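Dropping the structures in below, format is structure tokens.
One chain, chain A, links the two complexes that follow: it is found with chain B in the first and with chain C in the second.
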Partner chain A sequence: MSYAVFLYTLIAKFSNPASILGLLFLAFVIPVMISSVALDGRTADLLLSVLNGPTIAMAISYSFIQDNIANTRQMNDGEYLSLLFSRPLSRAEYIVSKWLAGALGVFCIMLINILVFNIAQLIQSRSTLLGLDFWSISSLALNALSYAALMVLIRSFPMRLGMTIFVILLYASLFGPALNFSINGYESSLPLAYYFFQTIVFISNVLQQFVYPGIDLYEVFNSTRFSILPLVAYASNMLLYLFFATVLLNRREFSYGED
Partner chain B sequence: MAKIESASAISTPKWLLASTLIFLFLRCGLAAYENYNPPQASDEIHWRSPEKITEEDRLGRKLFFYNFSADWCDPCKKLDKTAFVSKDIVGLLERDFIPVRVIDRKKESGKNDSDTQELQDKYSVQAFPTLVAAMPGGVKISEHIGSLNMAALKKMLLEANAVADYFWGKEELIDGRFAAAANSFDSFLKHTRWHHWRAAFAGVFSVLAHRELGEEAASKKALKDALEHLHDPAFPRPILLYFDSKISYDELLKIAGENKSNRILCYAYTGLDFAREKDYERARKNFEWVLSNSVDKDSFEYRICSKALGRIESAKQSPPGS
Partner chain C sequence: MSEREICIKIANLVKSYGRGRVRALDDVSLDIYEGEVFGLIGPNGAGKTTLMGCLLTLLRPNSGEIRIFGKPPDDLQVKAQSAFLPERPNFDTWMSGYQFMKYQHMLAKLPGSAMKQDIESALATAELDPSAWNKRIKKYSRGMLQRLGLAQMLLAKPRLCFLDEPGSGMDPLGANLLRNLLLAWKKQKVTVVLNSHHLDELERVCDRVAFIKGGRIHQIEEMSSLAAEQLLIVVKCSSSAAPPPDSLLRELAALLDAEFLGVTEETIRFRLSKTADKMQLVRLLVEKQVPVEEIFQERKGLEDIFISIHRDGDLRS
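The block that comes next holds the complex of A and B.
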């Protein structure tokens, strides 16, 4: 791992006012907003699944792991990556450094999210609190690692493709909690809407199962049907993302000082 | 300028390649194995069907937990694989609830059996899964539509347990079992520490129950606690102020204004107080107003006024001294 790249990734987030404002919004404003509007049980569940789910984790990790790895000239960083790889730094080290920095950033911001939400709830004398026990903090740490790995892979694609994939994943993560029920008799009254609805649910379920690399340790270890498959799937997803990110970066050619 | 990168800088580390392949094979292998040999449950929920609910269950103190689902419902299957296999959930449901699974068969058979349809109509089930925690008598405590994770389901069950005291208290108050009602409300308030939105009404009911028992000191303490913790000026706080003699009856009705719901609360709770003071005429007028203006015949106020009116008529007909 390269400590210079690791530190740069973290510090760069605080280097300009726009980044700081974005972080403040994600860390403080969103949990307070959710606490204020989640007055009934169903709204609370939907909004908490956004706060505690993949949506915000992906948004934070996407913004932390900047420097679109594939494009250098198109970004304002000029020939940053070309200069970087003229140094004795392997591309795998670069990927790992980005990954760990992104994971640390996500973990800290998500922890602040939970703390701010709970404080807002307590101020309003509400009983709904997000857990801060061993299971939830461990799950948070593991999920931070895996979402950072996913975003490192997405940043490895060409900019437009990566951004398109990111947007699709982000919106699909919002559909999941909103589509977690089946309406009785829907298909006979509005068949077109029903099949569209079912398609969206199917896509969301596939993404949930195979792409979003989240894990809930409490669910895994508290189950009466214990299985290590969720843990293996989690590790496999994360390693696959890092592997493909490394392969994609390895295929790029960087030349510093081109005319 | 020449490219400056050695072969090692652009090669994929062996540890990354090896671990990726190992975990990938492990994942595929485990998934295939578990497809044919799913993990055995160390414990599971013993679901009952609606027709297996006995009269003894309905008269008992265990809450009912209804799982409205359908065989074609994917979120229901997800719930069965995730939340309902939690050790904590299984323990809670088996200990404190009567778990009932109500399966919709309309898609397969065209219609449901009478027990299933009756339950679906009673709880207005429109989507699956719908999870309902209810009193043995049928009063709904809480409801959730859609799949949810273990932590959320556990929270729902624990809250239903804590709130059950409140509902038991209301039933006991309706039936005139004031000692039990006072205990139930006091227990509810002790557990929820006034944070629950029902705490305001629990405070009022606690005061009423203690007054019925002639426990002036306990009633004053309940009133004091309620006024200390409840700062929202909306109802039922004005009723508490009236019980505390801070406002008159006319002032209370003025605060209620033309709002029917507030008026129902005023007439119902002050009517109970009038009946306790043996001012049967005023009590009867209040109860009759509530009975004729309530839309929901299953509401607490309607039921308690109906029963209290019956008690007043019995008291009037009983010879003095009996």
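The block that comes next holds the complex of A and C.
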């Protein structure tokens, strides 16, 4: 790992007011907003899945790794990769450094997110709290690593392709659970719309199963039948994302004259 | 030159774009020796930047081989001993110049204990005004960016430097600084690969230059042999007097151990073997009553060679 790339990826995130405001929005505004809603059964599941699920994790890690792996200074917000790779820095080292910086950023902000939510709940004398025990914090750390790996891969694609994939994943992470709740009961009255939305829910579930690399350690280790499969799936997903990101970056050429 | 150690060995290098339609480098083979300043000359699109990109492993050649210090160019030990100044110093604008240098120091994996000293010494050598060190890079002028670019090169005390158009955007003071820096590297036996359109600059600092034409090395000139050609003496005779016979001119040349190159209209040409013979030649011409009207030294520079190649055909084709 390159400590320089790791450190400067984190510092870059706090280098301008716009990105700081973006992080504050994700870390403070969203949890405060969600905690202000009366969290009964279905609403609680839905809103807490926004807070705990892939949406915010992806948004934070995408934003942290924004010093685009695929873009150069031509895009104004990228790094001067030609100069960077003229230094004794391997491309795999660069990917790993970006990944760990992104993961640390996601972990810290998700942790703040949960703390802010719980504090807001306590101030309002409400009982719905998000767990902050060993299992939750360990899962949070592992999920930060895996979502950051996914975002490193997405950031390794050419910018437009990466952005499109990211938006689709973000939509699916929000839209799927929301539709799952809202279409129940409409099968007979609006059959066409029902089957259309059912397809979207299906796609969202497939993404949830195979692309979003989240894990719940409590469920893995405390279920009645222990299975190693979720851990294998989690690790293999993450390693594959990092492997493909490295392959993509290794294949890239930098025409520094055009940077 | 051949007994010197080879720093960069390029063999049959081919790089094409657009699925092989455009050959940016076409079977380039070249040896660059340790401690020499090597210039690359050619018009835009000739393949100079592509060649440098391949040496820096920013571009992948289609075939051929590059060895630097006997190792593949992507070897991290090679990179640790190299430095690069890109043509457009589009550095990360959110950093200050000093932060940028810290980042580069860390990327170069240099000892942290020497960081402050290394940075301050490099910035001072590059003559970047200390009042600008903590300013954000986005407030830097082009000349300041070039100086910062030079400063980052100095951090790792490189054995091999790649500079692409280093003089562009520099004021005369900056150009002088760059020349001094190149001459200092030359003294320290640092190998320098220099790509520049400033031919007079290349003439002053380079040991050899390669003219690139259509992705191929068209010609390599040793600056020392170019300097020898500078002893071409042209004698213009009065048109009203009869021209001296060739036998007399050959006799004169033999006396000086010089070469008589011939007579065209009223112009006689000699190539002297040493500078000191110039005055002797003038004396002999007067003694032998050659009707001299004017004597001058013909200068053949890189620009003349460049133009003569260019006139042979477009350098790009």
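By definition in this document, the second predicted complex is superposed on the first by the 235 of 259 C-alpha atoms of A that agree within 3 Å, B and C clash if a C-alpha of one lies under 4 Å from a C-alpha of the other, contacts with A are read in each partner's own complex, and residues count from 1 in each chain.
We take it that a contact is a pair of C-beta atoms (placed from the backbone, for glycine too) under 8 Å apart; a residue touches a chain by one contact, two chains touch by 3 or more.
The structure displayed is predicted, hence computed values, not measured ones.
J.: Residues of chain A touched: more by chain B or chain C?
T.: The larger set of chain A residues in touch belongs to B.
J.: Kindly classify A:Ser15 by the partners it touches after superposition: chain B alone (first), chain C alone (second), both, or neither?
T.: second
J.: Go through the superposed model and pick first if A:Ala4 touches only chain B, second if only chain C, both, or neither.
T.: second
J.: A:Phe28 in the overlay: touching chain B, chain C, both, or neither? Say first, second, both or neither.
T.: In the superposition, A:Phe28 contacts neither chain B nor chain C.
J.: In the overlay, answer first, second, both or neither for which of chain B and chain C A:Thr224 touches.
T.: It touches chain B, and chain C stays clear.
J.: Is A:Leu242 touching anything from chain B or chain C once the two structures are fitted on A? First, second, both or neither.
T.: The answer is first: A:Leu242 touches chain B but not chain C.
J.: Touching chain B and also chain C: which chain A residues?
T.: The overlap between the chain B and chain C interfaces on chain A comprises residues 85-86, 88-90, 253-257.
J.: In the complex of these two chains, what residues of chain A are touching chain C?
T.: Chain A reaches chain C through residues 2-5, 7-8, 12, 15-16, 73-74, 79-80, 82-90, 253-257, 259.
J.: Residue numbers of chain A touching chain B in their complex, please.
T.: Going through chain A, the ones touching chain B are 41-42, 45, 85-86, 88-92, 125-127, 131, 180-185, 201, 205, 216, 218-219, 222-229, 232-233, 235-236, 239-240, 242-243, 246-247, 250, 253-258.
J.: Contact residues on chain B for chain A in the complex?
T.: Answer in residue numbers: 1-5, 8-13, 16-17, 19-20, 23-24, 26-27, 30-31, 34, 38-44, 70, 72-76, 78, 82, 85-88, 90, 104, 106, 125-130, 142, 144-152, 192, 195-196.
J.: Can you name the residues of chain C that touch chain A in the complex?
T.: It is residues 49, 53, 56-60, 76-77, 79-80, 82-84, 86-88, 90-92, 94-95, 103-104, 106-109, 152, 162, 164 of chain C that touch chain A.
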